[in-house]
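Several structures are given next for inspection.
Below are two complexes that have chain A in common, paired first with chain B and then with chain C.
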Partner chain A sequence: MPIIVNLDIILAKRKIKSKDLAETIGITTANLSILKSGKAKAVRFSTLEAICKALDCQPADILEYVED
Partner chain B sequence: MKDNTKILTIITWIILLSSISVLLNDIREFDFNQFTEFQNWAKTANKNESWLTSKNAIKWSYYAISAGLFFWRGYLIYGFSYFLSILKEIENRNYFSDKIIKGFKKIGYIFIWYTISVLILRFLLAGINGSTFNFFNELKAEFTFLIPAGLGFYILAEIFKRAKETKEENDLTI
Partner chain C sequence: MKKLAYILSKIFFYCFSTVCLFIMVFSILSYFAYKFDMQIPFVEVLESHSKVNVPLLELRINVPFSYSIIIMWSAMLYYTIYFYALKNFFKVFIKKNMFETKSLKRLRFFLKLNLIPIIYIIIFTVSFLLRGDTFSPQDDYFIVFAHLVVAFLIYLYLDILKKGKHVQEENDLTI
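What follows is the complex of A and B.
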């Protein structure tokens, strides 16, 4: 998929654990893992908003478009 | 929901078992000794005589086609047994499983092929008997309703296939 999820990088920069982020934004660790691994088919605006709020970043910091 | 599935499973089992017993009874009543007679005739037959027009060959063809009808009835019962696997999946709450999609497709396929094959066999039987075969009259027979039913199951399989894709997409939306 040409959309890359850079959540791992942001989490490492902020030194936040995946489990803590999942708890903060109110999703399961399994779903966060799907998002991190790039297996997700879509991301809700509400989830994106919660992630950006929790990590104090912009959507562009998490999502990146790379041509195949 | 679970109780309804159980009732449907019991009804399906009753239909299946009664269809099998009726088929087995019909096979038992059918005189298969005719085939042995034919084999005996084949050994002693005059080789110069045309095989196709000989009385015994016609008789044998008649019995072979009748036996073919038994086979297709068995095939229809086999198709019906797919309802059991579909009902089991529904009971396990796997509404969009591959088994259900495959089951609906298989039932549709078997219903359509059963009707077409029986129509062909009836045409051949009419030819051997020397009776007239009216295609449109045959289409009015009850069993031909299995064609629209089969198509309906094909459509259901397609709907379930799309539903499964949508569910997967929904499950992977975070």
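What follows is the complex of A and C.
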């Protein structure tokens, strides 16, 4: 898929664990793992909003479009 | 209503399979009774065939002492499997999550089972035509037609289930 999820990079920069982020935004670690691995088919605006709020970033920092 | 259909199909399957098993066992025993002149309960040995009396249901099944018994056994076995698949077909609709691979497999199996009578009727018709015998297959054709109608409905259900499964997968992968 040409949409890359850079959540791992942001998490590393902020020195936040996946488990902690999952707890903060209220999703399961399994779902966060799906999102990080790029297997997710869609992201809800509410989830994106919660991630941006928790990591103090913009949606563009998390999602990136790369030509195939 | 769906649960009632499932329970009824389950009861019907167990009753039907019990009766079939009873007939199969006693048709084998009737052959021994015929060959060795034995007395076996529920079995009435006649000249070229025997009669198996099914208790409670008051059924009197003719059991021939020839290879045609294989056709009878195959039909009984087919309908036992058929009613088992029917039970599983109704089970799909009472499950909390019906859009599963297992449900699709169950429906596919039931669809294939409904197509088997076509093979039977083709072989049956061809064999009669080759031998030049006269036959009146109206009843058999009606049964095959009924199976085809069921197969068509199952095919439509299968298509709905496939689309449902796709939507379910997309929903599950929406974070």
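Basically, the second predicted complex is superposed on the first by the 68 of 68 C-alpha atoms of A that agree within 3 Å, B and C clash if a C-alpha of one lies under 4 Å from a C-alpha of the other, contacts with A are read in each partner's own complex, and residues count from 1 in each chain.
Going forward, a residue touches a chain if its C-beta (ideal position, glycine included) is under 8 Å from a C-beta of that chain, and two chains touch if they have at least 3 such contacts.
What you are looking at is a predicted structure, and each value in this text was computed from that prediction instead of being measured.
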Clash-or-fit label for the pair chain B, chain C on chain A: clash
Return first, second, both or neither, reflecting whether A:Lys15 touches chain B, chain C, both chains, or no partner chain. neither
Partner chain(s) touched by A:Val43 [first = chain B, second = chain C, both, neither]: both
Just checking: does A:Ile34 make contact with chain B only, chain C only, both, or neither of them? Give me first, second, both or neither. both
Return the residues of chain A at which the contacts from chain B and from chain C coincide. 27, 31-32, 34-35, 39-44, 47
Which residues of chain A touch chain C once you look at their complex with the stated criterion? 27, 31-32, 34-35, 39-44, 47
In the complex, the residues of chain A that touch chain B are 27, 31-32, 34-35, 39-44, 47
Using the touch rule from the top, collect the residues of chain B that touch chain A in their complex. 168-169, 172-174
Per the touch rule above, chain C residues touching chain A in the complex are 169-170, 173-175
